[in-house]
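Each chain carries a letter (A, B, C and D) given by its place in the written order, and its residues are counted from 1.
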Amino acid sequence: MPDQLVYAMEVFLNGLMAGVLYALVALGFVLIYKASGIFNYAQGVMALFAAMTLVGVMEGQVPFSHLINAILGTKVHHFGWHLPALIGIVSTVVIMVVLAWLVQRIIFKHLVGQEPIILFMATIGLAYFMEGFGDMMWGSEIKKLDVGLPQGINLWIDETTYNIFDYGFFIDNLDIFATIIAAILVGGLVIFSQYTKEGRAMRAVADDHQAALSVGVSLNFIWIMVWSVAGFVALVAGIMWGTKSGVQFSLSLIALKALPVLMLGGFTSIPGAIVGGLIIGVGEKLFEFTVGPLIGGATENWFAYVLALLVLVFRPQGLFGEKIIERV
Amino acid sequence: MFYREAGDFSKTYREDSQTFPIRFDRYRYYAVLLIAFAIIPFFLNDYWVNAIFLPFLIYSIAAIGLNILTGYCGQVSLGTGGFMAVGAYATYKLMTSFPEVSMVVHILLAGGITAFVGVLFGLPSLRIKGFYLAVATLAAQFFLVWLFNRVPWFYNNSASGQINSPERTLLGVPITGANTEPWAVYLFCLVFVALSAVIARNLTRGAMGRKWMAIRDMDIAAEIIGVNPLTAKLSAFAISSFFVGVSGALFFSVYLGAVEVGEVFGINKSFLVLFMIIIGGLGSIFGSFAGAAFLVLLPVLLKNVLVTGLGWPTDIAAHLEFMIVGGLIIVFLIMEPHGIAQLWRIAKEKLRLWPFPH
Amino acid sequence: MKKKLLSAVIAGFMAATPVMAELTFSALSYRTGAYGNNGIPFADGYLDYFTLLQERDGGIGGESIKVIECETAYNTEKGVECYEATKGEGVLSYSPLSTGITYQLIPKVTADGIALHTMGYGRTSAKNGQIFRNVFNFPANYWDGASVGIKHLLDINGGDIKGKKIALVYHNSAYGKEPIRTLEELSKKHGYELTLLPVDHPGQEQKSQWLQIRREKPDYVLMWGWGVMNPVAIQEAVNIRYPMENFIGVWWSGSENDVLPAGAKATGYKALAFHAVNSDFPIFDDMKKYVVDAGKAAGAGDQVGTVLYNRGMYNAMLVSEAARTAQAIAGKSNISQADMIKGFEALEMTDEKMAALGLAGFGPSFSVSCENHGGDGMVAVAQWDAGAGKWNVVSDFQASDMSVIQPLIDEDSGAFAAENKLSPNCD
Amino acid sequence: MNNSDGYVTDDGRTIGGVVMEMKNITLRFGGVTAIKDITFDIREGEIRAIIGPNGAGKSSMLNVVSGFYVPQEGEVFFRGVKRPPVKPFEVARQGIARTFQNIALFEGMSVLDNVMTGRLTQMKAGILSQAIWRGKAEQEEVENREICERVIDFLEIQSIRKTPVSRLPYGLKKRVELARALASEPKLLLLDEPMAGMNVEEKEDMSRFILDVNDEFGTTIALIEHDMGVVMDLSDRVVVMDYGKKIGDGTPDEVRNNQAVIDAYLGVSHD
């Protein structure tokens, strides 16, 4: 088998893996959008914030230490404890739930029934606020995040593929792990939405707010719940990316990776988000691999968007949305 | 009392459809122009021009441009940064290729080129709506930035990939480069701003503006009463991009003087200008100015108060800035989706009735 | 609304009216934004050194020191605002710590007659002082870095790297593109084969680039990275089990921030350095005594001795030494902005001087002249030891290959001179 | 009554030749057939009504006339010319204006601006002229403003000229919508349930306006309406639809005595 093809296969596989991570971020968007029609640009910042909080809690950082020291002239920085990952994750989830409650209570309660674009802009505002707030709370230094996830090349795949193609494929254990987590997460969400009371209520709301209201579902509760779940998804995404690159400002930019995924997969479909993520992941990697060298590389920032744009021009409803019939 | 329109009648439709039908408004407008053109230039130093007036004026043009597209025609764009970059690089190529031609020509041409690019990226808007379009415009943002960074021709193969605006003069007075006088660059930009505002106002109060607003408010109905969505949307993209391009041109050539595309015209620019029109007021020329002024002054103010005043660490001030800007966006969207302009309008209506509220 | 803000700004602005009694320096730092985590240690080191001089020696030559810190967030517009806001206060020299802002300021400082010192960044061709009269970029610039990087490879290959494959992983920006030209020229000379691998900002996702490296197995990888790009690249290199000792980053890719996230496997990663990268120097005792323990440390005070902290400190040291030189030349302690430029131009860093400062061997000895604003481009190679958690300098400071670089500098500075109708001169 | 030339109504108005002719129109949405092989015409100066129970396909019919839906089968003749499948805005430019069942005003604009949008098809000034607000643009603005003001006076909405439509009550909105349609001086005016959801007074006002429009400007009007009473008083000829088929066509009296119509309205089972 020609080398280029073998390489392409490796790139393809890694593309799939990257796609899973994109899908993971996109998932958070879909959840909130389905239930409340809010296109939550802040999802990326939530991931950053969650990861920061996780590290902060585990390392026993004093929140707002900069601010406190600046005002009181003190020099507090650390509580001096180191907590195991599990406790950190649990307490972070709690914090994300509180955050969800605040967001719903302070912001979106007052924006019910606004046009989608207004809500979208509100979430951009939220993103900016949380960016500053997160840095204020935990400081903007880069932080190492280690919750004991495996990382580095998967030797088994390396050897097996070597025996077949006499070229060992590189697959990052972290990516494999992320894929498993994502699978579990999606499975969990499906089960949750199918078999639990809250889940069914959530689907009801997604289908028709009025109807859901009329059968006595509390929108407020559902929305807080959805934001909490999205917060949890953000935490998972934050852990994955944080382990790759350390926890720092740029984590928030992963939202930009998720937007084209959503345009492809449609804003309302969880399978759409996953397939969209995979398409983007594979697409950008293969494009960089094949066309990249010819036009000077570093195409990944825009490829996803141009691809999504082209798809939308031909299918305005995205790959999975159903056709829009206009009427007067 | 202060604000009277009693005995102030429009006798003809021409009078009635002018920008400031109320005499008081009209006079205040002339007063502002007088101060801006005839008085401020005498009190300028480098700080006020480079840190406050130039950014304010230039962002105002960009905000006016985006407001035409988003505020009047209802097409949300997140590609403003990319389009400003087009304006900037167009000017750079023009002013280095034709040094003898006047800067005014270059800047207008740059606007034209940007308009063309804007139309190209506006084409999808005929099929894509709402924030699908908003996200789609990010394609323009990222692709354009990549392009200008990638292709050496755009920066004349300079070793660093930076573009620098060499010195150019207008009527013998330098307006770009190192040896510019504060008043000169200020007036140069002010002229562009004033013209942009007047043109934008004229376009939006006439047939063109009604087409745009019709598309914004209900595109199907608009089409049925005879508005061609193609021409309406694309004209909005073209004119909007023209202004954005002009602002990008000034931003590079007059204000910064040296630019690296990824850093200066990144996605944050797009958001910044979007925030300006949200806070200032969607669908309002005055709002574009208000928003630009607000977001240019806020950081400076915070810095001066928190750092210079209270002696806080600079990073806390910076974090606070993020929180405040973000918070304000939300507050405005909740309290007054039409921004400062609307507050201003309400205040005026109150003043009209004052002191007799009935 | 607007009026109210304006008046408040005026208030804030007036609060900072010129005080010329002391030696004023500016710190255009960035503690926030995408690069904040690298800006913080640098700013801390820069400020702490001046604090040290103030606390220990009561300033420079008897004149007390005032440092105005201004947050740029690595943003050019904020940088301009900072410059304009502070220049009125008789700031003696600027160190913007951002190539972008440097390009902003070059024309401005030229017009205002203020010194601009860009240490290991900025416009490389400013080395030609006959054209860039008051811009200084000693002791080393990117092209020196590229050249010394290659020299290091020559050394470990017994002087011959013909046919070797070298890949450059670079931040796809003006900064990242800096070394390309030099490396291409050098490849003509030494016959190695150069592959370019751009990484777009921020550099969170580099699978494609590193898969390509894994496929093409270049003998060496050079990196011009910044911000999150660094830790990600090093992590990926570890993941593909690339031999770390063949992976060399520029000095902006060689801080603890960059290697720590990759953990133990990062051991062996090399980075260029134009100054010492650890904390066993006498000065740090004073630093502890007069600054940290006295609770006067900038920021959190937890960065002392890190690479970027040292760089900030080194930068402040060079600036203050230039000020001393200026005082000596001017024959008065209260020097002007013009004096400061002369000071920079006559700066000589000898080993004795360094030793006296408690920094023996911290950096190379070099001297600045009007013709040469860039020093001798002495650069060393440091290597990371994850076990000990510290960097070690593993080579001597060696000079760059001027036979290749000088023509490039003349070309670029010439172009600038032509564009701005400047004639080279030294008077 | 023959289709060749006009006729004279009992109130003495002379009705001219055929303006719009629908021949064997069939319209489907996927599997559903909304309109089945319908043929009828609209004559110069008459008030033509399309009635029928819910789901009879009236609105779909109106949408075909206004060009918003393109029928799968059949031909549309407007003033003797066969109309190719065209974009809605092109139809509007041929002089067909309409109102909507559920109001479709531009909520963000004032009443005056909404009415002015009715003139957009007539305003041709170039962009430059508009940009400097001189010459053609300004002159057009004034001329068309005069036309609109006439309509505004006619419909007695002067007082709310500058009010944003979003602040208006339902009845007034309907009237503004009518004003917008009239402003374009249409050759054919389509009214989609002009009196839906109105109280008796409002209905009377609206009927008066419709009649006045018809004989002041001689505008040809086609309207859909539920309220039989109103329709019978207003219209010269009536098309009756049921389940997408035409079951009756003629003067109000003829229709009144048409057995099929009576069945349709009294709900006799179809078999």
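Some points to look at:
Here is the rule we use: contacts are C-beta pairs under 8 Å (C-beta built on N, C-alpha and C of every residue); 3 or more make two chains touch, one makes a residue touch a chain.
These numbers come from a predicted model, not from an experiment.
By count of C-beta pairs in contact, B-C exceeds the other of the chain pairs B-D and B-C.
Chain B has the C-alpha centroid lying closest to the overall centroid of all protein C-alpha atoms shown. The centroid of the Cα atoms in subunit C and the matching centroid in subunit D are 75 Å apart. For the pair subunit B and subunit D, the distance between mean C-alpha positions equals 42 Å. Rounded to a whole number, the gap between the C-alpha centres of subunit B and subunit C is 36 angstrom. Spacing of subunit A relative to subunit D, judged by their CA centroids, is 51 angstrom. Residues of subunit B in contact with two or more other chains: 146, 220-221, 224, 313, 315, 318-319. Residue positions 68, 100, 104 of subunit D are each in touch with at least two other chains. Shared interface positions of subunit C, defined as residues touching 2 or more other chains, are 31-33, 36, 40, 172, 200-201.
Residue ranges of subunit C in contact with subunit A, taken from their complex: 31-34, 36-37, 40, 172, 196-205, 207-209, 211-212, 214-215, 227-228, 231-232, 235, 238-241, 257, 260-261, 263, 265, 295, 300-302. The touching residues of subunit A, counted against subunit C in their complex, run 7, 10-11, 14, 18, 65-66, 75, 77, 135, 139-142, 144, 146, 151-153, 170, 172, 241, 244-246, 248-251, 253-254, 257, 285, 288-289, 292, 296-298, 300-301. Contact residues on subunit B toward subunit C in their complex (touch as defined above): 45-47, 50-52, 55, 146, 149, 158-162, 164, 166-167, 177-179, 256-260, 262-264, 266, 290, 293-294, 297-301, 303-305, 307-309, 313-315, 317-319, 340, 343. The residues of subunit B lying in touch with subunit A in their complex are 76, 123-124, 127-132, 134-136, 138-139, 142-143, 146, 150, 220-221, 224, 267, 271, 274-275, 278, 312-313, 315-316, 318-330, 333-334, 337.
Remark: subunit A residues 39, 66-67, 70, 107, 110-111, 114, 116-118, 120-122, 124-133, 135-136, 140, 256, 259-260, 262-263, 295-296, 298-299, 301-302, 305-306, 308-309, 312-313, 316, 318, 326, 328 touch subunit B in the complex.
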